[in-house]
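Taking it in order: structure first as structure tokens, then the write-up.
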Amino acid sequence: MKKILVIHGPNLQLLGARQPDIYGTADLKKINADLKKHAAECGVTLEILQSNHEGDIVERIGKAKGRCDALLINPAAYTHTSVAIRDAIEACGLPAVEVHLSNIYAREPFRHQSLIAPVCRGQVSGFGPASYRLGLDALLTLRYNKRTSKG
Amino acid sequence: MKKILVIHGPNLQLLGARQPDIYGTADLKKINADLKKHAAECGVTLEILQSNHEGDIVERIGKAKGRCDALLINPAAYTHTSVAIRDAIEACGLPAVEVHLSNIYAREPFRHQSLIAPVCRGQVSGFGPASYRLGLDALLTLRYNKRTSKG
Amino acid sequence: MKKILVIHGPNLQLLGARQPDIYGTADLKKINADLKKHAAECGVTLEILQSNHEGDIVERIGKAKGRCDALLINPAAYTHTSVAIRDAIEACGLPAVEVHLSNIYAREPFRHQSLIAPVCRGQVSGFGPASYRLGLDALLTLRYNKRTSKG
Amino acid sequence: MKKILVIHGPNLQLLGARQPDIYGTADLKKINADLKKHAAECGVTLEILQSNHEGDIVERIGKAKGRCDALLINPAAYTHTSVAIRDAIEACGLPAVEVHLSNIYAREPFRHQSLIAPVCRGQVSGFGPASYRLGLDALLTLRYNKRTSKG
Amino acid sequence: MKKILVIHGPNLQLLGARQPDIYGTADLKKINADLKKHAAECGVTLEILQSNHEGDIVERIGKAKGRCDALLINPAAYTHTSVAIRDAIEACGLPAVEVHLSNIYAREPFRHQSLIAPVCRGQVSGFGPASYRLGLDALLTLRYNKRTSKG
Amino acid sequence: MKKILVIHGPNLQLLGARQPDIYGTADLKKINADLKKHAAECGVTLEILQSNHEGDIVERIGKAKGRCDALLINPAAYTHTSVAIRDAIEACGLPAVEVHLSNIYAREPFRHQSLIAPVCRGQVSGFGPASYRLGLDALLTLRYNKRTSKG
Amino acid sequence: MKKILVIHGPNLQLLGARQPDIYGTADLKKINADLKKHAAECGVTLEILQSNHEGDIVERIGKAKGRCDALLINPAAYTHTSVAIRDAIEACGLPAVEVHLSNIYAREPFRHQSLIAPVCRGQVSGFGPASYRLGLDALLTLRYNKRTSKG
Amino acid sequence: MKKILVIHGPNLQLLGARQPDIYGTADLKKINADLKKHAAECGVTLEILQSNHEGDIVERIGKAKGRCDALLINPAAYTHTSVAIRDAIEACGLPAVEVHLSNIYAREPFRHQSLIAPVCRGQVSGFGPASYRLGLDALLTLRYNKRTSKG
Amino acid sequence: MKKILVIHGPNLQLLGARQPDIYGTADLKKINADLKKHAAECGVTLEILQSNHEGDIVERIGKAKGRCDALLINPAAYTHTSVAIRDAIEACGLPAVEVHLSNIYAREPFRHQSLIAPVCRGQVSGFGPASYRLGLDALLTLRYNKRTSKG
Amino acid sequence: MKKILVIHGPNLQLLGARQPDIYGTADLKKINADLKKHAAECGVTLEILQSNHEGDIVERIGKAKGRCDALLINPAAYTHTSVAIRDAIEACGLPAVEVHLSNIYAREPFRHQSLIAPVCRGQVSGFGPASYRLGLDALLTLRYNKRTSKG
Amino acid sequence: MKKILVIHGPNLQLLGARQPDIYGTADLKKINADLKKHAAECGVTLEILQSNHEGDIVERIGKAKGRCDALLINPAAYTHTSVAIRDAIEACGLPAVEVHLSNIYAREPFRHQSLIAPVCRGQVSGFGPASYRLGLDALLTLRYNKRTSKG
Amino acid sequence: MKKILVIHGPNLQLLGARQPDIYGTADLKKINADLKKHAAECGVTLEILQSNHEGDIVERIGKAKGRCDALLINPAAYTHTSVAIRDAIEACGLPAVEVHLSNIYAREPFRHQSLIAPVCRGQVSGFGPASYRLGLDALLTLRYNKRTSKG
């Protein structure tokens, strides 16, 4: 596992400036810088995309195979509505980890269901920007674990 | 944050010996030893309970306030059925992180709902024994973050 | 009706110390003392159990027949999850009254359904520690009323 | 708390004469007399309305503020169908207690849901005419308890 | 069976003038006259009420016992929303037949459920003004049939 | 309207002998004889089928067009499960009336939904063998009423 | 369009005095005066009813045809429970606009469904007393627009 | 309030040319011109976007803060499927009004639920192109009203 | 109990030849032979029907009363769809036992609900051809047990 | 298969003394003695546990592997609420048979769903104490049958 | 693939004569003749069954194995109600294609669910009699494609 | 019908390279070439779009009217989530056919519902790349068939 594709979903370009009570005060630039630094210490490089377009995210995941070794994704609002991103992750075949800044299970009921989770290896939610770092660490633990038949 | 109460729910005493395809091959003794070592490196100590009894878990959480600073819990089967453990976590008021060995969102539908998640700060699921270490790391990131009003 | 079994369900050992905004500031010791005094004035004695264990509660109810004349129960979290306690109440055949400190119908939706209510004579909820005293008074009014065929 | 508005909902004018197996043998006149006597002993006076008209009940509650200090209501059939009475209770801002003669949770499923309960302080159900007296006692315990933030 | 209380629910005062495609062209006056004539031929008299007020209907049914021998009711819109009328019918204990001008099962889904049907002996729907005559005939056949335990 | 096809669904061959508390004591032979006599008085003839086979009923309805002028059907158990009979009635285009011996709305919940009702002109339920006669009368009232656009 | 019937549903007589955080501080008298003034400027007159009685509202709508040219209605609590008012609006055949002071879609789930909306031309909700004026303006735009076949 | 962002969702570029029975005969160009004229009369300027891309709409709302003072949005099909647009509106913090050309509550059931409504101040639906003008007027009334705590 | 009617539902004529992983390798001839032998040893005789026709099964059960003493039935696919067979079993009044070759609760969700179970004394499922023998043994234990009031 | 673990769930210690109309008149001591005798005749020995504690049952099943060869369980109330017992059975990997004294499909709806059934080989319900003997016989037939892939 | 069994479900014997707006004007004889001609051109022969009897269809499919190579079925009304036909198709193991004359997804909601689809290779719906020819072509493309593991 | 717009939805650019067990081994280039060749033989030309962007698909359909004569669409993941594409198809008014490579009814439950199907003439699913050719053939059969009023 050498290169990891990191995807930030819709509205995450606003991080830091808005609703800091839910999403924290760090902006995306800082989160990316911190994550790259942490990745470098772990011996992996990152390729990062923020997009508000479902189609862009689908396309980038579609091109990841052969170029990246794993996927770290915060699908944001698309968590609950995008079968297309789910299909892209399943189709690319790379190990994926889903992360969320807020604890989605403590918010509105429609945020409790993730269409993305069943095609990922695991999920980290609720730790603000730290969710990304924890998700990256989680991906790296998968280097030597195979996916189980049940999940 | 100096001392963390770690709780392993029902059937986790069997870890390592059974269903390694879902839960991995490490037994609970090794998981605990690894977690204690990691905790020591982070400057915290652990108090660990494995119990198959909902009532035991409720009681231990009830006594945690003042004795421990945070809660790391894998509620296992009680994730989906125990309002009593949920109430205990909410009543004790300590920051809590929920962890799962398997990706519960990729298993039977009844495992997709957690009664525990809404009263925790966050959740880590799907990374086998590494879920515990990631959950501990997550708890430590909360040292300087306050709980948000929404979740 | 001479002796009444009073049961306090899970987490009620914490009363007074935690979440006084929901459950009031009186602790269980004081509640029991007040209730015993009121019972004495009414000419009945009490046998009191607080347990976090569903099995303990089931067992005590199972032994109540012949020893006690009625049941006053605050099932707390088990209100919503315990078929076993429901079956125990139905099996023992004693008149039972269910009480709740908080108004369970003004809280989360999963607290609106009681598995216990259909096997009790009636329910008192929402009056803090006074719910117990009102529940006891209610039990005593049943002395001369037979259970109706419908409820 | 000096004056309490007591409301009897639809069909309660029939009490005593019909379905005594569900509702008891006391008629409304006797229930009101007993309740007034009990109120007098407690130092409060009662203003009593029986109406089969949802609109009448809404109007009387709307005029209660400033004239009465609390509300004791058996909404009968309107328990399950009247948003208007719920809104009236919420709008008047007086503490309210809901009572039922029968144990509504042991009858048909559509009687298990109360639209009224979430805007009351508490509920007493299942004790026949005694439910009124217990509900009045419950209201009086509220004299020195403030409503909690949760319910 | 000598005297039958006939009840027309809300909006039926408009019959004949509006929506003849659903409800036919006969007005209520003519329907009542025809029905009275038919009743006379069958040896029974009718007492007829049209009301848009749920409370009025509840009250009239409440007074029917002892004064009338049976109930013929077109609850119209209250079919789907009135627990109070259901309770009134059940409380009065008289045999009742429910009629509808239109076939309620071929209209909007919310009209497919009748709260009134379970407390009636039977139902006639879909035959325009003839539903009333058929309902009256149905009531008369009940003269010598007792209500079954199941329905 | 000269000839009416009468259909008795499954288990109705048992009428009279079994469960008289629900279905009455008249057997099918007598019901048919009475109905034929009544039809003759009304100037129509009957063609009668009792079948336990969904396919037989479908076929007979399929052949009714041109041969009969209307349909009187007690679909019995097939009321709740047969889309095929529904389609047959809709395809044949004849006016149809659905009848039931018992009040299906006062029995088990699965009997409250009729797949047949939306394609009939109306329904008569709950009057024992009299339901057939009332249904026949209802059909005859349709002679001069056209089907409405809504139902 | 010359005369418009304005209907205020249950509890709206309390406007201004209670819950100003939800419904604003203007009382009904002022709202009516402002609305009449605005109507006069638009060349229409108003006939105004406030009632807590479902039956009164049904009756007034039933008489509107021929007397008024359109209907402006804030059904308040009856929005969610009254099939009778829905039927009255549909029967009268006048163009109707539904208004709400609060944004009903941002309140309790049971307030998200309007039984009235499907029989109106449109809906305005969430703008406090201004909702009435906007609703009146909306009605006037309908003067030259016919109702579409779909709604 | 000086500048308002107006957003037209998917397929609205087709207005006027298609389905005039549902959406009216005015094309988008004319609607925009009329709306701009009306805005000028009210002393506000408009910034207008029509897009079929969920991502474009999300981005434009994300940039509105500081540039515009309010949001007028017809989310069209995205009303029912876009959590991303909902999150964008909530994140930008500007007062928003949702408008619909048709009465969405009189169309298919899946159009009765708006994911956008709970984060807007109010909604106007069913008045064709006039919905935009009414929505703009509604926004302007908000200039001096604060958002309530409930909705 | 001397003679037992054994019914094999649809597709069971294929036993042994198809899907042996679900239904085992014994064919129906052998199963019947083994079952008859076992019955003889228990002192009872069997009358056996395999039919793919719901109507045939209904008819045979309808004729069982007086001819047979009990019913052993594997309704196969009709378990989940036949109200007619349910009604036949209930009407015949004989004690019945339902058997299944496979564990229907470990298969597709629509197979978890049996329309037949509530009218039988009990159920045996999951033991392949042995389910028949166990079901027969179960029937014989009923010889001296009366049906309980609850089930 | 030499040794079988027999588990009796909550409230079964009361057998014989209470509700004989549902559960029969034999007490648990007699049932165990009869079952042991029958087991001995079949060449197997039994290890028997009755517990009201979910945790005890989980633990005993956890220790069964290597010690016992199969599991015969009447989970009683835990049938419907215990994911922990389900997980324990699945984890231990022994063939299991679920038994019930009453026909759970003829009782309250919440008793129709078994969380345990999908992880057992089969189920026997409704035959009183004979259910245990039939369940034991069923287990013994499994000696030479492997579990199928589907169930 | 040499011989294909073609099955026409209930009411299809009426094709051409009734409801041509839904099902087209061709009768079954012509459809069969056209289909046979097309089949001959493709080098396959057809065996054709029209039946209104679920049992007949089940039986014919049960005998298809070894006699036919594939199945082309229009289950008509049984699409939505027959588990027996589903089981027959699954048991016979032949590749099957489901066809519908009308677009079942544009009709009543109960027609949107097919019990048959999950056991077929694919489905063609909405093209009138052409659906059969397209379905046959589809079957022939399967000659060299194996069934996928997922569906 | 001379020119047909062919639309391939999200992730279909990956065809051939990934998950051949579900989607076959042909890549999109080959599928398009084969389809164009088949179209040419049928005398029609194709305009082909593959896009992962919902907005692009909406726009292209919006421009199709006047330029193309029909629509052949595999909406892939957007089948289940896009009201915008549904509205675009309905708005453009061209005959449309929906195709799927896999049998969507044999996959995850959320794939069983198509938002697109109700606005298409018909659907072909489950035949891999052949679904496109069959869908094209289906479109061509529509040349002389008008859309029915029901579907």
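Should a chain be cited, it is by its letter among A, B, C, D, E, F, G, H, I, J, K and L, assigned in written order, with residues numbered from 1 in that chain.
Convention: a residue touches a chain if its C-beta (ideal position, glycine included) is under 8 Å from a C-beta of that chain, and two chains touch if they have at least 3 such contacts.
This is a predicted model, so every value here is computed, not measured.
**Student:** Which chains are in contact with both chain D and chain G?
**Tutor:** Chains touching both chain D and chain G: E.
**Student:** By the touch criterion stated at the start, how many steps lie between chain J and chain K on the shortest route?
**Tutor:** 2
**Student:** Looking at F-I and C-D, which one has the bigger number of contacting C-beta pairs?
**Tutor:** C-D
**Student:** Under the over-half criterion for shared residue numbers, do copies chain G and chain H use the same patch or different patches to meet?
**Tutor:** Same: most residue numbers at the chain G-chain H interface appear in both copies.
**Student:** How many degrees of rotation map chain E onto its copy chain F on CA atoms, rounded to the nearest 5?
**Tutor:** With C-alpha atoms aligned, the rotation comes to 180 degrees.
**Student:** I'd like to verify one number: the distance from the centre of chain H to the centre of chain I, where each centre is the average of its C-alpha atoms, in whole angstrom.
**Tutor:** 62
**Student:** Rounded to a whole Å, what is the gap between the Cα centroids of chain B and chain D?
**Tutor:** One centre to the other, that is 45 Å.
**Student:** Averaged over CA atoms, how far is the centre of chain I from the centre of chain K? Could you give it in whole Å?
**Tutor:** 31
**Student:** Which positions in chain H are in touch with at least two other chains?
**Tutor:** Where chain H meets two or more other chains at a single residue, that happens at 53-56, 81.
**Student:** What are all the touching pairs of chains?
**Tutor:** Pairwise, the chains that meet the contact rule are A-B, A-H, A-L, B-C, B-J, C-D, C-J, D-E, D-G, E-F, E-G, F-I, F-K, G-H, H-L, I-J, I-K, K-L.
**Student:** Per the contact definition, I'd like the list of chain I residues that touch chain J in the complex.
**Tutor:** Where chain I meets chain J, its residues are 21-22, 24, 97, 102-107, 112-114, 117-128, 130-131, 134, 137-138, 141-142, 145, 148-151.
**Student:** Considering the complex alone, what residue numbers of chain K touch chain I?
**Tutor:** 53-56, 58-59, 62, 65, 81-84, 86-88, 90-93, 115
**Student:** Touching residues of chain I toward chain K in the complex: what are they?
**Tutor:** Chain I residues touching chain K: 9-11, 13-14, 18-19, 51-56, 76-78, 80-81, 110-111.
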